[in-house]
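Both complexes below contain subunit A, partnered by subunit B and then by subunit C.
Now for the complex of A and B:
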């Protein structure tokens, strides 16, 4: 309850600061939209030259991209820990975090919120609605519930992977550029995994399970029964990865000795 | 002239000092190339060629487009924005050199550094992992070299223009980001421009962007005939000249209405 109250407080503060500079906010939203637009244009142009991508049609690929945008938007709104090392370890900010009465990870999530990224989810819904209508997808009563579960699973996958990478800073103080690399690997999950070779597929499923953010859960709504097992694994993988990452985080915090000044 | 060459050297040495940052950079580019490699293989499916390019040529195209990007890409627009915002530009203006030329030279120093420590080793690594065909023809390499220098100039000029908008807009982070996304698509980095529909290609002909990535990559993959190559390089050169006009105009205007915020 206390945590929810804190969340509400921080969101309120955040909105106040952002709305102070409205034109900046608008430009940022437009450039986000542009970025998503470019990815869609890529898909559309490519499908001007082929009808199927390993058996997946244009609208199915677009639907997968639309689905991907929703968990990704939630992830980028709340888990901006890509500069955790520089911001918190090198500058010693973590000392301050540890004096706060809430869990250190939650405190960082609150401080680094970027709520404007949530608009990406709206784009995702629009894209899915467009592709879904063209595919003639039906919506059952249980679909919204499963959608919610899958999206949360996807967010947890992303969060788990990135928290784990942030945790490296607790053990090694060398500056790493693994974070941007992960963003690029994450892009692999936007396309059907069966276009990749077995090694990459294995990595995307079990080691860096980005396929659970895009293609696997989306396959359920596309009624691709051969992928159902993976679809339903989404929340499991999400919870497992997130739990591991929080555990490692707690261990890391115990080891933390401060930047020393 | 000496001072500009010195500037290239200093920037080169500066980059050399931080070279470890670049090893992961090569990995990131390789990951990107890998993603597009598999994607294109699936797109081709059983097809021999699309728009005159074979799968092999397409893979080479993607690889060379990304590795060439390491050479022509620079952040001088962001640097200019910072210098203008922080008021440092005032000091730059009283120094005995042309600010814009200096920025270009710094970009060139960065580009040369990345060419040797990023593009060349990166290309070698990528060619070990993915099937890529290097042209054996010396003319192809020569024309490619000319073309890539021109892409650097066009891209840098566009960066100068974007950077200068800070004088008028004060905060242009969004604009810089938008510009980057647009260039990635319109320059042919993500996919060859010949894949777009005819109508859109006509529009591209009147834009400078294709000179950044599409032209050198097509030359490298032998996707252009000789006359097409010559025409494309001429067009690149023309754009370099044309872009000088808005840069100078904006520069004169900017100096007139320059407001130093603090300092």
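Now for the complex of A and C:
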């Protein structure tokens, strides 16, 4: 409850700060929308050339991509921890975090949120609506609920993986280039995993489970029954990965060495 | 009275590896690294009573910051016991930090982009301070630190002195019984320093707040702390009253003379040969400095003897400053 209150407080503060710089806000809104528009056109152009991919139709692939954008937008709004090492470890900002009575990871989430990224979710919905209409998908009463659960599962998968990578900083001093690499690998989850060979498929399912952010949950809404087991595993994998990452984080904080003055 | 801070055999070791030289060395480093264990804090023990103001001093790298970070729950000790406000700082971190205030002089606690009062408001929520409590306590803090006009300005537009006063106020939002100040007056002008010192004295008296202070500016310590803990290479080399330190180390007095006419050093030595005096001459300015003992009448005897033989232009009696004492101690490495 306290954490929800704090989230509301920080979001309020975030909006206030943004509104203070009105011209910046307008520029940012316009450029974000423009970016999303370009993204949309890009998707349609790229997928316009593929008809069938290993049994998946063009519209199905577009739908999966649209679904992927929603958890990804939520992830990028709340888990900006890609520069954790530099900002919090090297500069020693974690010192400040650790002297406040809120869980350290949650404080970083609050401090680093970027709500503009939520616009990506709108693009996701537009893309899904477009592909869904062409496929003639029906919506059942339970679909919105499952959609929400799958999206949260996907966000937790993404967050878990990236928190684990951020945790490396607690053990190793050197800066790593794993973060950008991981963003790349994350993109593989947007495509049907059965187009890859078994090893990559295994990795994307159980080790870096990015398939649970895109193709697996989306398959449910495409009514691909052969994938239903994986679809319903989405929240489970999400919770498991997130729990592991929080555990590792807590262990890591104990090993934090602090930055010299 | 219960102790605010209780430390037993506290130790912090850092493992670092030293790289070998050259390309060949770099390759060898890949396979086996030479680890070196650095002991930043070496089995120290001390306790601080509720309401005490303690100065924690030491050279750079003596282990001050490391100790403070262990006391505030930021770092986990390698071994030893720490009990602060009746809790283990690292184990019960979130409950524990509710009972302390921390100011790191070189790092801001406030949000850079938002107005000071917005930062305060957010911190008030973070520390779950009620509106009544906030108004009662912070109204006073804001008035005393004279930061009312700064409240609606964003932190990045404040000067260092203004920011520091706001930082101090921010650390006190939840009125903690224990306050850690790490270099709170670094880079501040004299007026701001005085204001901050007066303020710290006031809250110490009013709320019986315990204050642990590290600083390079010994005048801060002289003005605020009765007790100092001195650290060198991870060991406590002195723990006690500042006054005692002065009495043991500030041995002797210095008297500086300037004369109207030219005077020979040997003539002065001859006049004062019955007293225990050592003379020194600073050639350029013709300042003669006499070092004498601490005995009650040593200074008057010395001045009397000199005045009766020479025409004096100026006399200065100097006490050894704390800074000099500390320097002496560090040169010797023990108390």
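The rule we apply is simple: the second predicted complex is superposed on the first by the 230 of 261 C-alpha atoms of A that agree within 3 Å, B and C clash if a C-alpha of one lies under 4 Å from a C-alpha of the other, contacts with A are read in each partner's own complex, and residues count from 1 in each chain.
Note that in this section a contact is a pair of C-beta atoms (placed from the backbone, for glycine too) under 8 Å apart; a residue touches a chain by one contact, two chains touch by 3 or more.
Everything numeric here is computed off the predicted structure, so don't read it as measured data.
S.K.: Can A:54 be said to touch subunit B (first), subunit C (second), both, or neither?
M.R.: first
S.K.: Looking at subunit A, does subunit C or subunit B touch more of its residues?
M.R.: Counting contacted residues of subunit A, the larger count belongs to B.
S.K.: In the overlaid three-chain picture, which partner chain does A:188 touch, first (subunit B) or second (subunit C), both, or neither?
M.R.: first
S.K.: Tell me which partner A:45 touches in the superposition: subunit B (first), subunit C (second), both or neither.
M.R.: First partner only, subunit B.
S.K.: With the two structures laid over each other on chain A, which partner does A:13 touch: subunit B (first), subunit C (second), both, or neither?
M.R.: A:13 contacts subunit C only, not subunit B.
S.K.: Find the residues of subunit A that appear in the contact set with subunit B and again in the contact set with subunit C.
M.R.: none
S.K.: For the complex, give me every residue of subunit C touching subunit A.
M.R.: Residues in contact with subunit A: 14, 65-66, 69, 72-76, 90, 93-95, 97-98, 100, 102, 104, 106-109, 111, 113-114, 118, 122, 125-128.
S.K.: Touching residues of subunit B toward subunit A in the complex: what are they?
M.R.: Of all residues in subunit B, those touching subunit A are 21, 24-25, 27-28, 31-32, 34-35, 38-39, 41-45, 47, 50-51, 171, 173-175, 177-178, 181-182, 184-185, 190-191, 195-197.
S.K.: Enumerate the contact residues on subunit A facing subunit B in the complex.
M.R.: 21, 24, 27-28, 30-31, 34-35, 38, 41-42, 45-46, 48-50, 52-54, 176-178, 180-181, 184-185, 187-188, 191, 195-197, 200
S.K.: Taking the complex as given, what residues does subunit A use to touch subunit C?
M.R.: Against subunit C, the touching part of subunit A is residues 2, 5-6, 9-10, 13, 16-17, 92-96, 98-103, 254-258, 260-261.
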